[in-house]
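Look for chain A in each of the two complexes below; its partner is chain B in the first and chain C in the second.
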Partner chain A sequence: MFSLIKHRNLALTAAMLLISPTILAETPEERGLAIAIEGDKRDQGYVDSTANMKMVLRNRAGKESIRNVRIKSLEVTGDGDKSLSVFDEPADVKGTTSLTWSHSNKPDEQWLYLPALKRVKRISSKNKSGPFMGSEFAFEDIGSQEVDKYTYKYLRDEDFESAKTFVIERYPTDKNSGYTKQIAWIEQDRHIALKLEFYDRKGSLLKTLISSNYKQYLDKFWRPSILEMTNHQSGKSTTLEFSDYQFQTGLKDSDFSKNALKKQK
Partner chain B sequence: MHLKSRNNILKLLTPRSLLCATWLGKIWLGKVWLGTVWLCAAGPGYALDWRGNISTEFTYFPKSSVGTDNWNFNSSVAADVELSHDLADNIRLTVHPFVRWDQQDEERSRVGVKELVLSTSGDSWEFNAGLATVFWGVTESRNLVDIINQTDSVEDIAGDDKLGQLMLNFKWFSDYGDFEAYLLPQFHDRTFSGTNGRPFPGIAVDPDLTTYESSDGITPNDFALRWAHSFDSWDLGLHYFDGTSRDPLLIPQATATGVALAARYPQLQQVGLDAQGLYGDLAIKAELIHQNGNEIESHIEAVTGIEYTLVGLLSPLQDNEKLPTQWCNSDTRNPIKMLACNDRLDLGIVVEYLWDERGELSTHPFQSDLLAGLRFAFNDASSSDALLGLLQDLDGGATTLSLETSTRLFESYRLKVLGRQFLNTADDPSVSALKNESFLQLELSYFF
Partner chain C sequence: MLDNYMRWLVKLRWAAILITFIVVGLLGSGGRFLSFTNDYEVFFGDGNPQLAAFKNLQEVYTKNDNALIMLSPADGKVFTQETLQAITDLTEAAWLTPYATRVDSLSNFQYTYAEEDDLTVEDLINDPASLSTDELARLKDIALAQPLLINRLLSPAADVTGININFELPAENADTVPFEIMEHVDEILAKIESDYPNISTAKTGVVPMNKAFPEASFKDMQTLIPAAFAVILLGFMLLTRSFWGTFGAVLVMLMSIMAAMGTAGWMGIVLTPPSVSAPTLILTLAVADCVHFLVTFFQQMRAGKEKDHAIQESIRLNFSPIFLTSVTTAIGFLSMNFSDSPPFHDLGTITAIGVFYAFILSIFFLPALMAVLPVKVPKARNEKSGLMNRLANFSIRYYKALLVGVGVLIVALIAMIPRNELNDEFVKYFDDSLEFRRDTDLIGEKLTGMYFVDYSLDAKIESGINTPEYLKQLESFEYWLETQPEVIHVNALTETFRRLNKNLHGDDTSFYKIPEDKELAAQYLLLYEMSLPAGLDLNNQINIDKSATRLTATLKNLSTKQTLAFEQRVQEWMASNTPSLETAGSSPTIMFSHISKRNITSMLSGTTIALVLISLILMVSLRSFKYGLLSLIPNLVPAGMAFGIWALFNGQVGLSVSVVVAMTLGIVVDDTIHFLSKYLRARREQGLNTEEAIRYAFTTVGEALLITTIILTAGFMILAQSTFSLNADMGLMTAITICIALFIDFFFLPPLLMWMDKRQRKSTISTPSNPGGRLATA
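Up next is the complex of A and B:
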C-alpha cells in the first residue's frame, strides 16, 4: 500500500508490457511506462502482508511527535489493494481504524471506525493532497500505487549513492493531486525506488523522500525499513520505520470488510 | 514513551498468568442493583487490550440559574477504561467501567458499567451478548434512527453520550447487505441532571415519579431488526423497532416539595431509514423515522442535510505566484502568515434541517430547526480541530450557538474547550428555562 514499496499489478498494463514495442522504437514516455510496469510486475503475488509502522514527525525546531500504526494489506487481482490501519498511538486516537479499498478505474472507498462512538464513518477519498495524521506524507503518498495513476517519462540513467538507477518523471493523472510531477530514482537491478522528489502545483520542489534499508521477503519482495520525507518549504520532516513485516499470513477478504473494522485489537 | 514500555510489560505478563480483574463498587444496570461484581477472566495466551482516559472538567456559568441552588462554577473528574480480552479463540470479553465525581450534581456522581459483553464471530456472522453500545445514523445534529441505546443526558445535553443496553444480538453479513437482530430484555431510564445540576431545564425530573406504559416496566420484550447495505456512492439502512420509547414524555406533576417532571415511557413501533451519499467532497445525509403507539400520535420525523468539505481551503493562495514561498517561511510566528500559509486547513460546511410532523406538539424542541455548522480540521501534528455550530428554531424560537475546539498536548493529553450560548429563549416555551444556562467548559483528558 505504500508508495515506492510496490506497484500494483493490472491485467491491462501487464498486457501492454507483452506487446510493448522493441527497444529501438521506444520513446521516453514508453520507456518510463515500461519501467513502472516492470516494478509493478515484480511485486505481484505477495497475497497479503502485515507490518508495524512507527511515524516520527519533526517540526522545524526538531521537536518530535510519535505515531504507531499497525497495517494489514490484501492483494486484489485485477483491482487496487485493500488495506486496514489500526492506530495505537497517540493514545487519544487509540483503536481508531481506517479501511481503504483502492481502485484502478474509480475513486477509492474509505471508512473510519471511531471506537469512542462505536461509529463507522464512510469518508471521502477525494482528499489526495491532505496530510496523513499531520505528517509530511500526503494521503496520495501512502495510498496504493497503481500504474494507471500516473503518466511517465524516462529521463536518464544515473548513479545514485553508488547504485545504477533509472531516473523517470511521473505525472499524476488525478486532478486532485497536490503535485505537478514527481521524479523517481529507481535502482536498475531490483527495480526499487531509492529517492522521489515531489513538485508542488507551482512547479517548485516541495518534498524529497529517501527509501532505505530495503529487505527482501519470501526471496522476492523488497520492502524499505525506513522512509524519510523532508519538506523543503516548511522545514518539517517525517520518518516512517517499518518492522515485523509478515507475508502470506492467511488474511481473508472478510478481514477487510466494514464489519471487520470494529473487531480489530 | 514510559507508558508504552509499561504497556509492553503488562502485555507480556498477562498471557502467562491468570488474569483477574476485580471491580468492587456500586454497579447498577437500570434500577437493578447488582451489588458487588467480581469478575475474573482466565485466558492463557491472550493479551489484554485497553483504551481509556481520565478527565478533569471545569464549567463556568456566567448567570445564576433559575433553579433552587445558585452556583456558577462546577468541577468534575471522570475515568473510563474499555478492557477487552480474548477468553478463547474468537470469544472476546469487553468490559467498560466508568466513574465520575461531580462537585455540584449528585446525579452525575456515579460508578457504572457502559459495556460488559461477550462477542464471537465468523466470516459472515457475529454474535454479541451482554451490555453493549450500538450506533446507527449518519447526520450530525441529531440521530433519529439511533434507538438501541438510551441517552445519558446527565453527561452532556447534546445527546451523544449513551448508556449500555442489555442485548442478545446476531448479525449476518451477505451479498444482499447486513442483517441484524436485537433482543432487548431490559430498559434503562434516561438520565437527567439532579436539582443541583446545570444546564438546568427549569423543572427537575424526579426519578421516583417515572412510569411505563408497558406493565413489564424495565424488563420489556423489546426487539429491533436492521438491514444495511452499500450501493456504490450510497449507504442505506432500514430498521424496525418494537418496544419502549427511549425518549420520555415529561409531564409536570405536583409533589410535596413543589412541581417536578414525571417521565413517562410509552410503547412504540418505529420504522426508519438512514442514507448517506458520498460524491467527492460532498456528503448528502438523511434520517427518517415513523413512530406509532397507543400513547404516541402516529407521526414522521426527519433530519436531512449536507456536509461539504473544502479540502486545503487556503492552498489556492499557496499556489498563487504572488504569494512567494519565502514570505511564508520568513516568520512562522506571524499569525497572518500562519493562517494564509496553512495549506493544510480543511473546512467542512454542515447544513441540516430537523423536522417533526407534530410541530409544537413534539416531545423535543427540534420540530423545525436549522443547523449551520463550520468544522475546521487544522491537520497539524496536534490534530487540532474546531466546530462552530448554530442551531436556529425556524418557528421564531431559540438560537443555540456552540463552539467546540480541541488540541493534543504532550502526546497523551487532549484539551477541549466547549461553549454553548442560548439566545432568544423567551419566545420558545420548550427551552425558555435555558436563558441563564449558557456556559463555558474546559476539559483536560489524559489518554492511555
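Up next is the complex of A and C:
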C-alpha cells in the first residue's frame, strides 16, 4: 500500500524478465507495460511493512485538519497485497480499522471494523473512487497499485526536476474507477514515480500527486516520505507524511484476516 | 476666444472633419476590448458583506455554480423503463460537461440499505431496461420515501425529475465558460429529446442565468438601439425638416456612441446588461445638443445670414447652454459611481463620457460638417407659439389655483413614496422572452425552487458535528425549517445520519434517528464516506475538520420583503432555540435582498453631491442665489412625484430604480436652466415684469422644451421595452420623471415665480450689471 508502481504478477514478470524492456519493446503500449513491470519487479520481496501516516487536509481557504493512521502491509505472491489501516485520530474514530485485500484481476475487497458498533462491515466493492477520510486521496489512489489494474502507454522521456524520467500514461481497467487516465513521471534510475496526474471522466486534469523524500529501506526498497495531492478543481489539497517505516516485521497472513480486524489496538 | 475659435473652425472645416474621424476612429477602436460579463456576482461590489459571506461559505464547502435540468415525461410517469433510461443516459452524459464536478440525479442517488450485516451503498437505478413493473413500483416507493430527493430531484407526484450538475468554474475565460458549458448541456438535451420524443426538458441554475446576462444584453443591443435610432431619426426629421441636418445629427450620435463605447473598451470596462443601455442613453441625450445647434443655425439662415456667419452665430449662442446642460447631465450620471453595484458605475461613467463627446462633436464637428454640406434652409414652420402663449396665459391667470392644486398633487404623490417596496428578485430581472426565465418559472412550478439559503452551522470544535448535542440542534433547526411556508426543501446532514443509523441496525425503522453517541456517528460517517463513489462525496456538506456542516433551504419564489422577513424569523428562532448554532443565512437570494437598500444608502451621498454641484452651477449661471435655490424645487420634485406615481401603479422598487434620482437630476435640470435663464434675461435685459417675462420664457423655449421632452421620453420609453427589467424599470421611471419635470416647469414654476414676485412686489428687482447674459442664452 501507498507506493505507486508495484504489484505482483509473476507470470507476466517472468515473461518480461528475459527482455530488456527499454530496448526491445516495440509499441508504446508494450514499452509502457514493460516500465510498469520493471517497477513492480524491483519492489518484490519486501515481505511486509509497517509505517505511520499523518494526513494533513487543507481546504481552499488554507484551513488544515489532521488525521493519523497506522498502516501494515503484507506482500502476497500471485495476487494483490493485503493491508490494514488503524485510525488513531480524530479521537472519535480511534480504533476504527480497515482491511483491504487487493486483487490483480478482480475488484479489491474491503472491510471496516467500527469499534463503537463492535461490528465488521464490508464496503461495497463498486465504490472505490470516493475520498479517503475526506481527503483528496481516493481509495483507489492509495490502494496497492497492481500492474493489471491498468493498461499502459509510453509517451516520452523527460527531465523532471533534474531527474531523467519516463512519462507513461495508464488507463484504469476497472469501470468504476473515478479516472479515465493517469500520467506518471517515473524516474529511470530507481523506477519510482515522482509525479502522477489524474484525469477525471471528462478527461480534465483533476489532481496532481507529487511524491518526494524517497528513502531506501533494506538497501532495496524505495518509499516516499511525503505525498502531496492537489485537487485542481476544488482547490483543496492533502499531504501524507510517512514515518517509522519498518520492513519484514514478521506479520502473518492471519494478521490480515477479518477476525484480526477487531483485535487491533 | 470663442470668436477666434469660430473663425478657425469655419476656415479649417475639412481639417476639423478629418481630425474628428481620426480621433473617433482611435477612441472607437477600443471597442475591440469590450466583453460581456456573465456572472451575477458583478452586481455586488468588492466590499459587499453578503457577497463576502457567500464566497467564504463556498471556500469552506464547494461552489454553488450549477445547472439544473428537469425532465418531464409526456405520460407524467418518471418510473418507466424509458424515463429511467433517459435519466441514466443524461446522468452519464452530464458527467462529461466541461468543468462539471458533481452530478446528482435519481439514477445515481446513493441508496443505502442493510444487506445481512453489511451496509450497501449503490446507485438507486441500475440497468433500467431490465426492470419489471413490480421493480419499477418498488423503486418509486423507495424514491418517494427519500427526503433528499423529494422536491429537489423528484416531484411528490413522481411526474417530473431533475438532474443537478455542479461546476467549478475556472477564473480565466470567464466570459466564454458559461457558453462552453451550456453548449454541451444543450447538445446532450437535444440528444435526449430526440432519443426520447416523449420527454421534454427545461433548465435553470446559476450557469444558465449567467449565460442569460449576455443574452439579454445582446437582445437589447439588437433591438433597442436600432429602435431608438429609428424613433429619434423620425422625430428629428419632423422637427428640423432638413435632410442634411438630420444626417449631421445622426453622425454626431453615432460617433458619440462609438467613441464612448470605445473609451469604455480602452478603460477595460466589462459590459453588463445595465451598462449595455449606455448607447441608448447617449443617443437620446446627444439629440438635445444637435437640436439646439441646428435650430439656431436654421433660424439665422432664415433671417438672411449667409451660411458661415449663421454657423458662427449658432456656436456663439449655443456654446454656453450646451456646455452647461452637458456638464449637469454628466454630473448626474457620474454620481452613479456612488452606487453599491458596479454595473451602475460603468453605466454612469460611459454615459457621462458619451455626453461629453456629444458636446464636443456638436460644437466642433457638426458646425464644420454643416459648413461643407449643401444645406438648404428648411421652410419656416407654422408658428405654434399660439399654444405656448395659451399655456403661459393659463399658468399666469390661474397661478393661485395652480400653486395650490399642483402643490397638493406634489405633496400627495410624495407622500406615496413610502408605499414603494424594495424588491430584487433576480429571476424576474429577465422577462419571459428569454428561455431562462420561462424554464425557471416552469421548474419552480413543477419541481423545485431556484432560490435557496445556505447556513454554515458551526459546532466550533474539531469533529464537533458528530456530537449528539450538535446533531440534535441541527435536527431541530431542520425540522423547524420544514414547517415554514416559504421552504420547499431542506438538505441537512442529519438526514444522512438518521438513515445510516437505521441501515446499520438492519434497516430497523425505530433507529431512524440521530446516533446517540459521538463515536458511533463519526464511525458511521467514515464508513459511509468510504463507500461513496467519486464526485458524490460529502465535501459539499461537511468542512474538512468536521467542525461545521452546510444546511441548504430551498425556497419558493419570494420577494425581497418576504426573504428578509423569512431570514429575520430564522434568526429569531435560532436565538431562542439553537443559540450556539446562530449564523446568518447566505446565498444570492440574500445578497440581492440587501442590494437595493445598500444601493439607496450609497446613492444618497452621490445624489447629494450631484445636487450641490448642480445647484452651484445653476446659481453661477443664473447669477442668482435666490433663483439657484428656487431651482431645487423643479429639479427635485419631479423624481419625488415619479416615485409617488410608481408607488400607485407598480410599487416595486429595485436596484436600478434606486439610481434614477441622481440620473434624472442631470437631465431635468436642463429644462430649469432653459426656462429660468430666459425668464431672468427678459427681466434683466428687457426690464419686463414677471408676467411678461414668463410669457417670454414660454414663447422662446417652451416649444424646444416640449420637443426635447418628447424625444427624451421616446428614447427612455424604448429603454423601457428592454428584456432586462432593471433597464426597463429605469427607462420607464426616467421617462415619467422627465414628463413630470416639464409639467412642473410649465405649471408650477411660473405660478411660483408669480407668487414670489407678489410677495416681493415692494422691493424692486435689481438689474444685473452684465446685460450680455451670454451664459443664459438658448
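By definition in this document, the second predicted complex is superposed on the first by the 245 of 265 C-alpha atoms of A that agree within 3 Å, B and C clash if a C-alpha of one lies under 4 Å from a C-alpha of the other, contacts with A are read in each partner's own complex, and residues count from 1 in each chain.
Methods note: contacts are C-beta pairs under 8 Å (C-beta built on N, C-alpha and C of every residue); 3 or more make two chains touch, one makes a residue touch a chain.
Note that the coordinates shown come from a computational prediction; the quantities given were computed from them, not determined experimentally.
When both complexes are overlaid on chain A, the residue A:Leu112 reaches chain C alone and has no touch with chain B.
Of the two partner chains placed by the overlay, only chain B lies in contact with A:Lys263; chain C stays clear of it.
After overlaying the two complexes on the shared chain, residue contacts for A:Phe139 are found with chain C alone; chain B is out of touch. In the superposition on chain A, contact is made by A:Val93 with both chain B and chain C.
In the superposition on chain A, no contact is made by A:Leu196 with either chain B or chain C. By the touch criterion defined above, A:Leu209 lies against neither chain B nor chain C after alignment on the C-alpha atoms of chain A.
Applying the stated contact rule after C-alpha superposition, one finds that A:Lys252 touches chain B and leaves chain C untouched. 57, 59-60, 65, 90-93, 115, 117, 119, 122-124, 126-127, 129-131, 133-134, 176, 178, 200-202, 204, 233-235 are the residues of chain A that lie in the contact sets of both chain B and chain C, per the superposition on chain A.
Contact residues on chain A toward chain C in their complex (touch as defined above): 57-61, 63-65, 87, 90-93, 96, 98, 110, 112, 114-117, 119, 121-124, 126-127, 129-134, 138-139, 176, 178-179, 200-202, 204, 233-236.
If you check the complex, the residues on chain B that touch chain A are 1, 3-4, 49, 51, 53, 82, 84, 86, 119, 121, 123-124, 126, 133-135, 160, 171, 173, 178, 230, 235, 276, 278, 280-281, 283, 309, 311-312, 315, 318-319, 321, 325, 328-329, 332, 344, 346, 379-383, 408, 411-414, 445, 447-448. Interface of chain A with chain B (complex): residues 57, 59-60, 65-66, 89-95, 107, 115, 117-119, 122-124, 126-127, 129-131, 133-135, 176, 178, 200-202, 204, 233-235, 252, 254, 257-259, 263, 265.
Partner chain A is touched in their complex by these residues of chain C: 56, 59-60, 62, 95-101, 117-122, 168, 462-463, 466, 504, 517-524, 526-527, 529-539, 542-546.
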